[in-house]
Amino acid sequence: MPNPELLETFPNPCSDRDYEVFMTCPEFTSLCPLGGVESDAQELALLQGGAPDFATINITYVPHKVCVELKSLKLYLWSFRNDGIFYERVVNRILDDLVRATKPRRMTVVGDFNIRGGIKSVITATHDGPKRRTAR
Amino acid sequence: MPNPELLETFPNPCSDRDYEVFMTCPEFTSLCPLGGVESDAQELALLQGGAPDFATINITYVPHKVCVELKSLKLYLWSFRNDGIFYERVVNRILDDLVRATKPRRMTVVGDFNIRGGIKSVITATHDGPKRRTAR
Amino acid sequence: MPNPELLETFPNPCSDRDYEVFMTCPEFTSLCPLGGVESDAQELALLQGGAPDFATINITYVPHKVCVELKSLKLYLWSFRNDGIFYERVVNRILDDLVRATKPRRMTVVGDFNIRGGIKSVITATHDGPKRRTAR
Amino acid sequence: MPNPELLETFPNPCSDRDYEVFMTCPEFTSLCPLGGVESDAQELALLQGGAPDFATINITYVPHKVCVELKSLKLYLWSFRNDGIFYERVVNRILDDLVRATKPRRMTVVGDFNIRGGIKSVITATHDGPKRRTAR
Amino acid sequence: MPNPELLETFPNPCSDRDYEVFMTCPEFTSLCPLGGVESDAQELALLQGGAPDFATINITYVPHKVCVELKSLKLYLWSFRNDGIFYERVVNRILDDLVRATKPRRMTVVGDFNIRGGIKSVITATHDGPKRRTAR
Amino acid sequence: MPNPELLETFPNPCSDRDYEVFMTCPEFTSLCPLGGVESDAQELALLQGGAPDFATINITYVPHKVCVELKSLKLYLWSFRNDGIFYERVVNRILDDLVRATKPRRMTVVGDFNIRGGIKSVITATHDGPKRRTAR
Amino acid sequence: MPNPELLETFPNPCSDRDYEVFMTCPEFTSLCPLGGVESDAQELALLQGGAPDFATINITYVPHKVCVELKSLKLYLWSFRNDGIFYERVVNRILDDLVRATKPRRMTVVGDFNIRGGIKSVITATHDGPKRRTAR
Amino acid sequence: MPNPELLETFPNPCSDRDYEVFMTCPEFTSLCPLGGVESDAQELALLQGGAPDFATINITYVPHKVCVELKSLKLYLWSFRNDGIFYERVVNRILDDLVRATKPRRMTVVGDFNIRGGIKSVITATHDGPKRRTAR
Amino acid sequence: MPNPELLETFPNPCSDRDYEVFMTCPEFTSLCPLGGVESDAQELALLQGGAPDFATINITYVPHKVCVELKSLKLYLWSFRNDGIFYERVVNRILDDLVRATKPRRMTVVGDFNIRGGIKSVITATHDGPKRRTAR
Amino acid sequence: MPNPELLETFPNPCSDRDYEVFMTCPEFTSLCPLGGVESDAQELALLQGGAPDFATINITYVPHKVCVELKSLKLYLWSFRNDGIFYERVVNRILDDLVRATKPRRMTVVGDFNIRGGIKSVITATHDGPKRRTAR
């Protein structure tokens, strides 16, 4: 089960300037959800249900008061390993959990999923947080 | 025959936020149309008529109320396999069928066709749907 | 149906020297065979039966008395388009048909099939024909 | 001699929507012009005059009422094969001829010429035609 | 737990000729083994024990009497997903299980593991089975 | 210890025009900081404390009155070699030190750090200095 | 017409040692031959006859008494420009002409022709000349 | 010594339309300047003084009344070969000389210098000339 | 100081079959040695002495009775970090230390060092240990 | 003038084992020789004589008693900068000079010259020196 409580943060060490952090994790894996729109037939479900999905997860954000701690992010992403979940939910769930944990000025999560049935999918979701007040 | 009835959708699981879905299918194939501007000569038509075309189809969209179901999209794209159809129509037809089925906020279809006669063609068509009302 | 009668040849224009011809066709497509070991369940067969396969076919040979005519090779490879056939048979069938048509000194056929179920397959088969008698 | 009469068109099959067509021809060849600024010396002209130039020609356009027919475009580009012509004229000439034949909403021609004397040249020219009136 | 009983075979459709089958699976994942030489300290084990490993598994073989069935191979490789196992054992285990199931003329298994601690590992193991008696 | 006193400058040789200087140093190395959020457990600290980090540092700036001297920049970047410091601080520290030394019109520092624990990080920070007054 | 009289040579400046010269010319062009096996139909011949072919020609040789002069090789390759000739003949003709002109210890000519009808062809021919007598 | 008198121009053959010319010369070489900030120590100067620098020079411009002649540009760039000159001056000097010779509507010069002391430098300078008056 | 006592081993888990282990460490760094042939001049030594070197170290071996433990190898390679040592010695030293620790059947060490003074160096050394007695 | 007296050596630090050193210098430049077979016409000579050539020089050798000192090799390669010399002589000259200076067990020099007149040249020459007496 995705476990957002694994996420830890540390105080932004350079809060007097907006800067961007990009992190890419090419080793994300979860499971295809059982039942539902993906598998009308029971027979098919037995063969394919819970098949592994693989993705690269890219996260870009501008920290506000805290930064996400790298090792805790790794543990959080591992917590999807044996969870059945749709592509669209993976990306929006990670974005929701990270926004809740870090309240960033801006954050984008991209899930770049491996080819399935001859089709490759990439999902991109963005959250806009509080802007820095600036004279410029 | 391209069969849009194969397209299935499921409710957008994250409708409170605009996000983008990109899908690429490198295994599209159709046939070159018989007769018409492509083949003035009857002799030529016999040799080349119905020659296979190959393309990568890229689809990018922002879901509104529904998402396109991946497996049904695959079956829909297969339905062009033995159809004689021009490049320009392939791309606009896929866009029309997907817009009708999903009524997205925005959708772009790109058909990147293999080289023919020493020339490569890429066709790009975009549909703009209803924008999200936003305070920003 | 694979149709070896489409293959045409022309006399080797340089038969006083062994030389190598390599041809690559990145646009091969056939169908996955219905029934048999691939689909235990009837339900699955209905969904996946006849699913398209895509491959690059590479042919390398040393001509003996005749060369394979390029356009006829193209038409021959097209004749697999709507045929259900296993990977291993595709490659050995092409090798058999070409050997019968051209009786080459040596020929290798490689079928490099697109990823299916997260696994990519490449099949390689070679035929050795009559060697040139040489003083060296 | 560049022969614009070879260019043929067909009615735009999707005129209710602006879409973009990109065509790339990596097999363009013409000759370096004899005499003029390129060859001050007679001796040099004899050795280099009419030396072949090679280029990739990229064409991007938004069709208006007609599309350019692919095979006729190929024949038109072949008609430069034995013509002595400067890089700048090649690109502007192709743009002029295609604009005259298709009256597009927008068209860009790029000529990407092979290295000569250790220097590579790329020429880009754009034509803006009638815009679609739009409510947006 | 790696489950070799998942492996299925089908009769070699072209047993009158040696040919090579190459399969690559870029989506292999297992777990780092708990305890043992990898984790001297208990504290470390809690943080890192069971950390996921990722690899590409390449299998090359010359079939003898049977071929390995592709879908069953996929299911077999999935069975390592939640197993703690060393790199060297992964590769030799897959080789042992496949040799037992298919008794090939020759087989090589390569495990290309993702970077860990700044070091990337690739393990290669080969089995030689019964050679074809040949006049050549 | 990062030593900004190593940075030397020379007068901007072309101060009548804004131009951009990009420098990339693929050989940056520092140490992971001991203690703090990265290592809760004492045992882990002993094994991993002070582990080397590697990065490519990219610097882009528009010089104002002085340019940074290349060799002194190299010596300055070497001064991080045996320093324990977080990614976010590395990038903001280099930007602060270079801005203080050169007072540029604009400067961006990007730290592209090697993968750690299966995750790669890229940090980007920008400083805006005095704009050129311009009639355009 | 291919004109071998354009080929010039100069004395091998280092004849006391075997060494290898590799030359690659990515700008070879000739014409597809009119009539013959390539075009059964008269109509087709009118449309496609004399269509340009493009290739990269690679030449590797060990000089004996003379080397081929680079500029003369370029002029010789240009002489195929408006000649209708099959792929197999292009490569063997260049090899024959260069062997006659330079009598090398060994020479290989490779013609790597651009894709036609979805198939790419590469022809390789080798000539073995007099070996150096050596004590080793 | 850089010799701008080598630069020749020819009348813009298509002055009724703005178009862009890009030229890249990957074979630029000059010398590192002797003395000055680069070499504090006399000993070092003897070993490194006048060391060769290598760069790719990219030039992009929109011609106004004249175009720069390609062969004269090559000779001009050769004239830096044995000149001691800083990176920043190379790029601004080439821009100044070319602007003076061609008075373009716009011109950008990029000098992409090979790695020195583990650091790579790229300098970019732009000149804006007279704009075309346009109704758009 | 290179510290071979950091190297740990574990029993070869599959000693009934020869197999190959390849490990690549792209993050090796040491220092250029002070004094000696590299720096004739005292002045130069002050500026360049102890300059960092960077390399990728590739190790390929066939284990005999033990395998090298991955984490201990990492710690061993870190121990060169602040050591002044020549390229040739780095590679032969690592080979000597690993052979002494693991007594492999065969081992090759490759040091691929970053460009210095415009020249890149790659050093390769191999050790042959006891061969497996085999009936083949 | 190529100056072999610049070459310095140091004693082979690991003479009890054969190992290989590969060095690549992508920054070699010399001049095209004036007069001779390259320029029949006086006019042409004035325009092209002394034109710069650029190459990557690759050197692979097994040291015997001495190694070539890297910095002296760099200075030696610089000494070709303003020398007019043919490709074939460049490579054989460097091989001769390095063999004389280092008497290696084996050495290969490859000169990979930039494209000229649409043709690229690569010259490879090898010297075999005294073999190590070995029991194997």
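Order as written gives the chain letters A, B, C, D, E, F, G, H, I and J; numbering starts at 1 within each chain.
Just so we're on the same page, contacts are C-beta pairs under 8 Å (C-beta built on N, C-alpha and C of every residue); 3 or more make two chains touch, one makes a residue touch a chain.
Predicted model only: the values in this text are computed from it and were never measured.
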Shortest path length from subunit C to subunit I (each step joins two touching chains): 2
Graph distance between subunit B and subunit H, where chains that touch are linked: 2
Recurring contact interface, reference A-E, options A-F, B-C or A-B [over half identical by residue number]: B-C
Between F-H and B-C, the pair with more C-beta contacts: F-H
CA centroid of subunit D to CA centroid of subunit H, Å: 29
Interchain centroid distance [CA atoms averaged], subunit A/subunit G, Å: 56
Averaged-CA centre spacing for the pair subunit J and subunit H, given as whole angstrom: 30
Sequence positions of subunit B contacting 2 or more other chains: 26-27, 47, 52, 54, 71, 114, 118
Interchain contacts, given as pairs of chains that touch: A-B, A-C, A-E, A-F, B-C, B-D, B-G, C-E, C-G, D-G, D-H, D-J, E-F, E-I, F-H, F-I, G-J, H-I, H-J, I-J
Residue numbers on subunit D that touch subunit J, as the complex places them: 41-44, 46-47, 52, 54, 114-115, 118
Subunit G residues within the subunit J interface of the complex: 8, 10, 12-14, 17, 19-27, 63, 67, 69-71, 73-74, 136
Touching residues on subunit G, where the partner in the complex is subunit D: 26-27, 29, 47, 51-52, 54, 71, 78, 81-82, 114
Interface residues, subunit E side, partner subunit I - complex: 37-38, 86, 88-89, 91-92, 116-128
